[in-house]
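Before anything else, here's the structure in question.
Chain nomenclature is as follows: A, B, C and D, assigned in order of appearance, with residue numbering initiated at 1 for each chain independently.
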């Protein structure tokens, strides 16, 4: 008789609303329909590199987690078997220790490994596949900037939170006749700023895909002033930058080699300071930061995550390794892991930007 | 010199979150980009049939309405120029008075009429087009049951409200070990029940597309009981019915001919009563009713409504009359009004139902 | 050396947002500061009557429950040791089996019993005290109708949910020019209807303390119509009734003696039907039902429940048995259990009703 | 016949959820019950100093504003008739121009002036009273730090927003095993941090009333680590500071004399930097900022604001000038304006702090 199939599950990268819904779908469908066994790998790939990083993941763990944010498996946006940080002669060095991960995979008796994460997590998965590990992937990014899928879970929740923030700032902006700047996520892609700016009725939207100049923004604010609408809302992606300007994020060198992390660099503040020099009204900046990824997922994100979780088992059942699931139109389909990169961007000439302009929204470029 | 183009705008049918966002987009883009003038037609087609039913609709009216539910134009789900109710000899009779609407359209100096509504509103628009009125349509239905568009605004908001209701009932169900039945909208299509049931983690989902029997449901509840999960959530479309059973909605005859309205008929109660006979636990019913369509739209619905509102002006500009806008994949495109019917249904063999079954959800049919 | 003190904890009556916050506070403070041990009694007093109804309640059980609705101990609004239902000769009879509860209390080695609940739960606690059980109580009622405390947790959450419902109905009422009736909890006291009606801007509020006539209501609606505000919101307590009318709730006889339960009897529908006969507009009823008690508690309710939970341990430490905690002004104080009855009512001549009248709100009595 | 009484209404200081509810109550009750006329004064006291700063405020303006944040009258936290900024020889100087305000008050034919605001607004009102203006006040402060009233509207809303933020940060903290620091409002009083920290289940709360040292905090975090709870939530008032440390807020000199504004100075960042030096885990800071005062008021705040608005008219009717309304226990009562100062503080030995400590919360002082 055939041995029960055993699958590892890990979540990597920043936490994201919907991860738990996805894990639940994997374990419920996997158990009920396929009779699989599951092993939870803790804190992303770290759980494959350290002892005690894995444990039996059962239906019991998935009770009540559907509406909860975060991930019951824990996550890490550093742990990388191919660049594993070790102390040597008192200093941190990075080594390729992917063989440890592969060995551990076999020691755990795994028949496959479900890797849920973004760009980084999925590219590591792809490299593990090349070393013989049966990996399948589920894309995850709040920024919605992954190619290979039309949308990722977590984006709708983040968009809702950002839009609610725009709504809230409206009341203060209006009561105080101020310019309120809201910085939202989006280092390389402006989806969150564009969507929440449109949904919240912003006057100016600054995104990485459209470098801005201060003059058109100031002119836009003045026009509102003349029409007695002397307050304004500006939504700024963290990766937005002025024409010719540096990307206003900072590489922070850390003493752990290779773990240098990119930090928020104040794109909102940069824009606010530039604008404040040219206008009379007060300008205030709010940085949403971690609030964007916290809390429970929206219904739409729970659904998308559930569909991803169910579908990834079809890939497992068919042995379609080195693939991930992706949304294409209204269908969830398999996509080769090799085709996933962090290069999905807002089209500056696309429908949404055109419509936004036609509603009077300024992008700082004209 | 060419006269400024003047467009009428009306909203018909039940109110729906996103209508105001759509009206705002139409007026803002129309004014800024095209220089159109707008006339607001009050309370659906009624505003074309009565004196004083129309007024100049300007940018000023659209301030602050983006996040608001309802419609600033008012709406009606009765007014129909082709079946216009009039008192004659003390009795109500219905006459075709569409000529009044057409005459009024010309008297107002309209170059086009933007009709925002569901099945009923759009089919009237199509008939007016046949009489020479330049109509364009925007689809609207909370149930998401219109053909010609992949999704309609309002559905995401309703889905979010229903899912939140499922979440809330979970706490009571669990604390009291009860069976909680939630009746949601969906007379002919089960999208809301299916989506919110999946997103909320329901145990049983009953939809119009899958007639149910009580036995599989009871068996499902018993299995949970054995596993010490002695509570359950059942989400029921208002149009769900037992196999061989009547559609549990009631035609109410009214004294105004042709205005007979279909009322909620307690599909939730019917199911609860059937189930209660076979199990030991208490069964309680909650009917969401009007709460599903009230309140402000989600960010996603504001975006979709805004896109519809912007796009419909492209149809106007191109003279593509007798068409409506519709979402196809990720694009908003023109769709002939003749192709819109209230026949979009949940596919009982589709991915979502299959996934739901694989997660252990019972549809009452096996 | 003194034995560690051991306390039982039970929750009785309908579930209520804040119960888990209270349980958490009891266990956390009790463990950290006093070194007590706790025993969870399941499903209200039922856990004292049946085998396996009690288990060690530890810090581990209280992780993450602060923001969650419901109660991890389960609850029951039937189980009463003094009227215990037993099958005898095939029929249900009720016997005083309180000796079983007392014996079980001693078998479990309890030094005290913390009873969290409403009117019923607390009066049973008082009777157990008379039989030598060391009981302390925490009041709980969503209706806010308990004497001995100025406010109870759960009320603020229910009030917020009801107010949100009024907000949502506003959009439909306004768009359709309808009269929307909302029935909220409050069988004997109208606090929820009064507060949410005021907070939501209702036009008419009907409460048990002020029997209503239809004429003043209709006149009020007409006056709005004349001022072109042809929609209205009416908030109705489930216990509201017309002058001379029966209380519109129904005693349902059940085959379990003494367990007859009072059901919602449609106070909203009764009022709507009376009003509909006198006006032209459509009247629609929404019954909030179980949604009012589900979901997580507001910040205010989490705080009040936490304060109750902390304070009740002071009573235990002081041996102040047969007392409960209560809010007096801004302080939580001990209150003899004998002083608690379900008789707190809205004062028809009090400030809040007077202010409501002065804002133009109609109570149906003038 | 007596002339109709005419009252001015102004809102000063930072905007605050509930202002519109209060304005609505004043105008509705004042019109319906007393037959008063109202004049809206724009942007705080500025509207008394400039031409066109006042307009007739009628019932029409109050439609639909009950659930809305902000203030329809506009506000200013600078305009002060006793320190009025004027340009003189190209430089800004400040003069006592209170005579202008008094003259304008009479020119507008006002019989009284309702001043809604915090510390600053109310003390100006008190000084105007000394110059013969019939002022009455309504207290307003999100920080809840005004003496003379047990609570102010806006506080409950801010507390709810802060608590929701704590909830959201929990998911990220837990998934990433991080220390999350949340900075909330409260320059001089720690009510918001204390309440939201308790309601959200924070591990550490730092408030202005209890200067902190880093050692107890680090020890607390280590103890959690040992118990395998290697994440923590720290809530910090913007006015919290280390023992012996400077108040970490910055007086910013501006070129407009006397308008120097106090800015957020990063109490959260200061604490995070100190802590990060002693622990291994990542520490992240979120500053809630303007999000705390935006958006609509909670039901509780709508009620309190409505009660304040109704009650202030009793003071007007009785000619009880130079007083404000205040909440005492469960009653709204008159309070002499001279008794209001910004000196309400958290009692470090009070019940709430004691309970918080007993639940294991660290205040950094032991």
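In the analysis below, a residue touches a chain if its C-beta (ideal position, glycine included) is under 8 Å from a C-beta of that chain, and two chains touch if they have at least 3 such contacts.
Note that this is a predicted model, so its numbers are computed, not measured.
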Tell me which chains count as touching both subunit B and subunit C.
none
By mean C-alpha position, what chain is farthest away from subunit D?
B
Chain-centre distance (mean CA atoms) for subunit A and subunit B, in whole Å, is 32
Distance-wise, how many Å sit between the C-alpha centres of subunit A and subunit D, to the nearest whole number?
35
Centre-of-Cα separation between subunit C and subunit A, whole angstrom:
42
Could you pull out the residues of subunit C that touch at least 2 other chains?
164, 167
Graph class of chain-chain contacts, one of line, ring, star, complete, other
ring
Taking the top-of-page definition of touch, could you list the pairs of chains it picks out?
A-B, A-D, B-C, C-D
Using the touch definition up top, name the residues of subunit C that touch subunit D in the complex.
25, 28-29, 32-33, 66-67, 150, 156, 159-160, 162-164, 167, 195-196, 198-201, 298-300, 302-303, 306-307, 310-311, 329-332, 351-352, 355, 358-360
Note: in the complex, subunit B contacts subunit C through residues 11, 14-15, 17, 19, 43, 68-71, 74-77, 164-165, 167-172, 174-177, 180, 284, 286-287, 289-291, 293-295
